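To start, the structure under review is shown below, and the notes come after it.
Letters are used for the chains, namely A, B, C and D, taken in the order the chains are written, and counting of residues starts over at 1 for each.
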Amino acid sequence: MDHFDEFSRPLEYLSPLDKHLRTVLRKNIEQEVMPLRRRYDEDWKEHALIEPAFDRIMGGLGLQKALFPQEYGGWGLAGSDYIFRFAYQLCEELGRADTGMAVALAVTFWPLLVIHLEPYVNERLIAEFAPMFCSTNKAVFAANAMTEPQGGSDIENMGLLKGRTIRTTARLEGDQWVINGHKLWPTNSGGVARLFGVPCTTRPGSSNIEDFAFIYVPADAKGVTQGGPYEKAGMAADKNGDIWFDDVRVPVWYRAHGPGRDAEAFYQLISFGQVASTAFLTGAMMNMYERLYEFVSTRTYRNRPLKENEAVAGVIGRIAGDIDICRILGHEAAMMGDRRNTPYGLPLGSEGLVGKIRNIKDFVSDRAVENLGKAMDVLGCYGPDRDWDIEKHWRDIKIIQLWMGGKQLCQMESARYFFNCETL
Amino acid sequence: MDHFDEFSRPLEYLSPLDKHLRTVLRKNIEQEVMPLRRRYDEDWKEHALIEPAFDRIMGGLGLQKALFPQEYGGWGLAGSDYIFRFAYQLCEELGRADTGMAVALAVTFWPLLVIHLEPYVNERLIAEFAPMFCSTNKAVFAANAMTEPQGGSDIENMGLLKGRTIRTTARLEGDQWVINGHKLWPTNSGGVARLFGVPCTTRPGSSNIEDFAFIYVPADAKGVTQGGPYEKAGMAADKNGDIWFDDVRVPVWYRAHGPGRDAEAFYQLISFGQVASTAFLTGAMMNMYERLYEFVSTRTYRNRPLKENEAVAGVIGRIAGDIDICRILGHEAAMMGDRRNTPYGLPLGSEGLVGKIRNIKDFVSDRAVENLGKAMDVLGCYGPDRDWDIEKHWRDIKIIQLWMGGKQLCQMESARYFFNCETL
Amino acid sequence: MNRSLDYLFGTAVGDRGEDAQGVISLVRQWAEKEVIGNRLDYQRNYAVLFEEKARVLALSMGLQRLALPEGQGGFGWHDPGHVADVAAVLSEVGRADSSTGVLLAMNYALFSILTRFSEGRAGLVEAMTASYLDDELKIPSCALPGPGSMGRETPLYKGRSIPALVESRDSGPTLSGANIRPLAAGLRADLFLAVCADEKGRPCIALVPGDKPGIERGREVLTTGLNALANADISFVETEITRESLIQEPEAVPMLFTLLNLFLGGVSLGAGMNFFEILGDWSDSRVIRGSGPLKENPLCASVLADVAEEIACSRLLLHDLARLVSPSGRAWSLDTEGQYTYAVMIGARIQKGIMRAINRGMELMGSAGYAKEWHAEKHWRDVKTIQSLLCGVGAEAPVKMDTARCFYDCREI
Amino acid sequence: MNRSLDYLFGTAVGDRGEDAQGVISLVRQWAEKEVIGNRLDYQRNYAVLFEEKARVLALSMGLQRLALPEGQGGFGWHDPGHVADVAAVLSEVGRADSSTGVLLAMNYALFSILTRFSEGRAGLVEAMTASYLDDELKIPSCALPGPGSMGRETPLYKGRSIPALVESRDSGPTLSGANIRPLAAGLRADLFLAVCADEKGRPCIALVPGDKPGIERGREVLTTGLNALANADISFVETEITRESLIQEPEAVPMLFTLLNLFLGGVSLGAGMNFFEILGDWSDSRVIRGSGPLKENPLCASVLADVAEEIACSRLLLHDLARLVSPSGRAWSLDTEGQYTYAVMIGARIQKGIMRAINRGMELMGSAGYAKEWHAEKHWRDVKTIQSLLCGVGAEAPVKMDTARCFYDCREI
């Protein structure tokens, strides 16, 4: 194999943008991110090194505008039939360099998708938020303030819990929503985001999906308090912290779509997030392959290159083989999302699509955790050395396995689909 | 999920025949094979129950003619751009019922492909062999007499060994090839096949690919002796035995293509065999799912259906999830084969295609061995019970992991590709 | 091989008495001479030769008497002090034939339990012992809690359905239960150790002679392995048993699980060790790439290493488990529940380890591993069968629940 | 938790002397009081507090003297009879902080080897002992055979490249080798245990004081874990050492591997046990689905069970390994090669087991497992670092080759 891009992809699926975007993005990443990423860990709090890279990629290249319609200065991709595949390729390329940056960008799309994806389009909010993202060269972030202190994955477990456990409340007063609650851990919190999408309940304790509300809250609204970023094992480019909403008031039209439809539109995010997750992971693994390739070609066992020893080849062959498989599956997952509008596709919110995509994400996560760990071991005493980049990916990607409900929710949602379980 | 057919497939890849063929085949299999398969184990030597099913499916439905051009009474599929996908769907459907039957049918295609696949077409031999397969309602089998006693996987390791270890010799005498040698274990040996494809060497010990010859030998030629079938752990519908060639004479034109081209055409078989293998395995796993579904829905733990217990759901969800993944990968592998004629595809004999498909086959084999074993454990004391069919598949499919060079050759060929190893 | 099995896998000679060493040597001779030396015959004529060789071992060589009380003509290996030795003996048997091993394992579990709860059962113990001293191959069969069926609520043993119920009647305890699947040997069993629930739902063990009125046997079940121990579903239709035959002591059922995990671990380990030997022979004689022996190829060598490692570690863990259960070797003090938990946890791990070893080794043997001729495949089928039987139902899930309950104080799982 | 760690994971009290029990209790108090009780401080101010707490343990409490010869002021735990106790002590240290554990493990390996090969080295042993009795935290650093580099052929230790060469000169043995990566602590080490090859290519161990002329240290290497033990590449530029400091006895290098696998197994096990406790606290307090605690969800319980099982089995195997190495507890008699093979095989398995336990447990803890606040992630990084270091190079491949060589007589791999 001559290049990491030869890892398999379903070639018939590639989106029109694929080649061009990869070229531009890759060049920028190799200039702006790769040379500095080994120093990102110490930059977790300040983002002094990280911010300029974000500005270049999100603002400079304009990726943060990609969803918005062209009439608002965006690229109009939310309306294309390849938005999932676009997101996949973007996240894979970015993930190759730094999964933290990748998730910060992808999550900026996240709350915006709730008002962009047919048939859940909210023109008024699009028009309102477009300038924030489209009329600047600086990076602008959004965040999805989902998780609450009392139960990590519960909110995403919509299929079963239907929002029953949400404690963040939205109360209608006149033409304003009044929001109270405490969220934690969202990507792009810790002071980064300018706009929050906030899943909340209009009737605490209710299992009626109509009482679920998705409301936008500008980060500078009165009553929004953000804590500083958490210190983590890795993923320094992604800040996470606490957010408190204390009688925060936003206009009534900041609710995405209204009773029932909010939950439907929000639920679509889950699969988008899972597809992006597989892309982060595959990108990181592809970079691991590049670094591993160098190591096994230049370091020896029995005075011959490591890769020429059959036993070592067995180990690294399995690692590369898994990457090949994960990339195929990631593209297939993206295609499942893009098939939603075809007569033969599954709707984004269907149990089938959610279950299948969760399954793929779960699988790819496990492969990534396993193979990055194994690659560290191939490097032996150089495995824990930051200069080889593999340990960075190993630390960074572990959280991808854990987020969005983690392994166990993936397992439950796929089991529920495949075996028609009723009480899981 | 309402039906096992909902396991994911790249829907854009489905061949034109897909729906119709699956319907017809499935109906026949459910009538002719499923009801009797639990008694196949005892029928391993006689094939008294198995033969009529073969007659129905291969002769009656005419599947054995599929490769031959229409002018010879065939279906002309070898010339289509979906022969790999056709083979995949066929083998998956059959594998669901009985992987032994599936391999007997697929291997009948095997030696015939050497003279059918562009650009390696031998019109004279096609015309000569067509009547044998196309003008009967009885099942007619071919076999690929590859493996030799001294080194199981060596012949398939063409990339490295280039035929050096082959001991079966072909000597030209006048207008006849004289063949001598000892082969063992081919599918459809043990007295079943009417036609053998025989990889042999025109110069023993040579590593020159020009000295590799692929020669057809009718089973009733003088000097061909077949041993009885071996007794095996499973896969009773596939007979395997020894074949001795003792000064066997065939016409000079029974050599497939001549020096150099024989090896190229033969090498194409490897990937075809691997794609078929993934299909057998996926088919068997899909049937395992059906049976498992019944068990976990009707049997209990803590007096609730097994599938409603989260811990059990975690286990069976992973099993089903793996099937979903394997089916995607199997279709992708088939598509890799069918892409060979497109500008963007890899040639069948290329290191890339061979390595990637071997990797997928290796992966799917491991999943099948693991998951069928796990499914037996889910059934507990019913796991080893033939009535649940799962143990049958578990026994049957183990050989699929082992054949065609087994795991280790898969690992080496994929490592060789991914890491450009030179001495493996 | 240059190094002996005893060197490579250690026989813990230091811990073992001379008696034990003697029995082990004896059984090893039986295994080598009667079975391993005649594999092809044994395979081709399995049903007949199994019976013949098992009789030699159990009757002529006296292994049927191993766990019988000493005072009554047995060897007295029924007490917890002997569990390590019993497991070691069963390993030697398992090297030759797992069915024979499972048969003896059920026998030894039976007498271990019977003598442990002998108080008030002197008559029963004596009668049972006497019958096992006969010159007749005895076939006990265990029926454990396992899968339940939808619509039929049953009492539970740690989540597993208890298949039979016992009622106290004036005439004595009466057993009922339909279509119960024993572990093995149900078709010809002359005694069932059936776990059943009393009126309060408490698990207990009923010892039911196979010829009791009210026992119905279904047709023979065709199975993956352990083929010599023909199985069949059994139903108890108001089967009366004596009061002595009902073991209601709360420790009885956990102890049965503990012993079966330990003993069947021994059997599977033995099968794994013989597979190790078969693979060793094969990798010595097989050539790869027309040059050196297969074992000198590093990738093949790493598969061989996997096999060796799984077997070596399984053996160490089996020995550890025996020490945990045995008061003499006890590493630390565990109560019945602790012992039970370690037994099911390590038991499952040993079965998984041996299965992995065989599955990996077969990869190297290719079709030779699959042909009956090389005997590898029989070990593969037999151990897989034992593994599935020990799971109970739901794969390892119930064992995981047991483990979590003990280690993390879970209460509702 | 209702049950104590000692109950759940057994401390093999029966096998252990009172001395050992005393030291273990002492270290446990240190771990609880100095580190575990002050996790947040310890994390935020790691470099400083590590040093402070390590000094308390090593100097005030005397752990630095544990493996020093008894007659010279040490506790005398350098002999094979003490390896189980040493591993147990290191587990207690590892519960608190792996870096401290690794530091002591290298110290104990050093003195075990030094005293084992003390013949003709009385002066060296005495001097080294004296220096370790000082009130100064000593930092030894091991450099093992590992990856070689293309174009630079080196002598091999079982396939692994030996990074340094030693020449006999008139002035004494002289060491050369460039850019050698030690296991840990290379930056500040005051003594290197460097595996080197003599003129005939035979592996030996050179003990090189850190302040010797001719030692060059590279820049600090930033690493995944063991962050307190700042590492750096070292080069020996014609470094002269005394004849006594060169240990050429053929058993020395296998013994070093054996001890490191055992001792670092102990450290990682300790980290795993503390992770077990952290996870226990977490799964008690965390609610799932707005109702019961997480641990009562069967899927979560099965993850908890995996964690418990991996740790329990790793602990048993570690104890088994110690018995195999120790003449007193020896289960059966293995020569140096046999001990070496079991050590690297079980050593790798223990590291893998603990990593699996932590990785699985983190799945349950979600982001809490990833935040520094909960300390789980530190164990994860530290143990992963130890695992990678012990691999040497090529992941487990070299260990597999060692295993196949011993169990299947492979010669060329």
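Operating definition for what follows: a residue touches a chain if its C-beta (ideal position, glycine included) is under 8 Å from a C-beta of that chain, and two chains touch if they have at least 3 such contacts.
Being a predicted model, the structure only gives us computed values, none of them experimental.
*Asks:* By mean C-alpha position, what chain is farthest away from chain A?
*Replies:* The chain farthest from chain A, judged by C-alpha centres, is C.
*Asks:* With contacts counted as defined, which of the two, B-C or B-D, has more C-beta pairs across the interface?
*Replies:* B-C
*Asks:* Measuring centre to centre with CA averages, how many angstrom lie between chain C and chain D?
*Replies:* The separation of the two C-alpha centroids amounts to 39 Å.
*Asks:* At what distance in angstrom does the C-alpha mean of chain C lie from that of chain A?
*Replies:* Measuring from centre to centre gives 50 Å for this pair.
*Asks:* Could you tell me which residues belong to chain B and also touch two or more other chains?
*Replies:* 297, 309-314, 408, 411-412
*Asks:* I need the residues of chain C touching at least two other chains; which ones are they?
*Replies:* In chain C, the residues touching two or more other chains are 297-302, 396-397, 400-401, 413.
*Asks:* Please name which positions on chain C make contact with chain B in the complex.
*Replies:* Per the touch definition, chain C meets chain B at residues 144, 146-150, 153-154, 156, 159-161, 181-183, 221-226, 286-290, 297, 299-300, 303, 355, 359, 362-367, 369-373, 377, 380-381, 384-385, 387-389, 391-398, 400-401, 413.
*Asks:* Per the contact definition, I'd like the list of chain B residues that touch chain C in the complex.
*Replies:* 38, 41, 147, 150-154, 157, 160-161, 164-165, 185, 230-234, 240, 297-303, 305-306, 309, 311-312, 314-315, 369, 373-374, 376-387, 391, 394-395, 398-399, 401-403, 406-408, 411-412
*Asks:* Which of the residues in chain C end up touching chain A in this complex?
*Replies:* Going by the criterion above, the answer is residues 297-302.
*Asks:* List the residues on chain B that touch chain A in their complex, please.
*Replies:* By the definition above, chain B touches chain A via 1, 6, 8, 10-13, 289, 293, 296-297, 304, 307-308, 310, 313-314, 316-318, 320-322, 324-325, 328-329, 332, 335-336, 339, 344-345, 352, 356, 359-360, 362-363, 408, 411-412, 414-424.
*Asks:* Considering the complex alone, what residue numbers of chain C touch chain D?
*Replies:* Against chain D, the touching part of chain C is residues 1-3, 6-8, 10-15, 276, 280, 283, 292, 295-298, 301-302, 304-306, 308-309, 312-313, 316-317, 319-320, 324, 330-332, 334, 338, 342, 345-346, 349, 396-397, 399-413.
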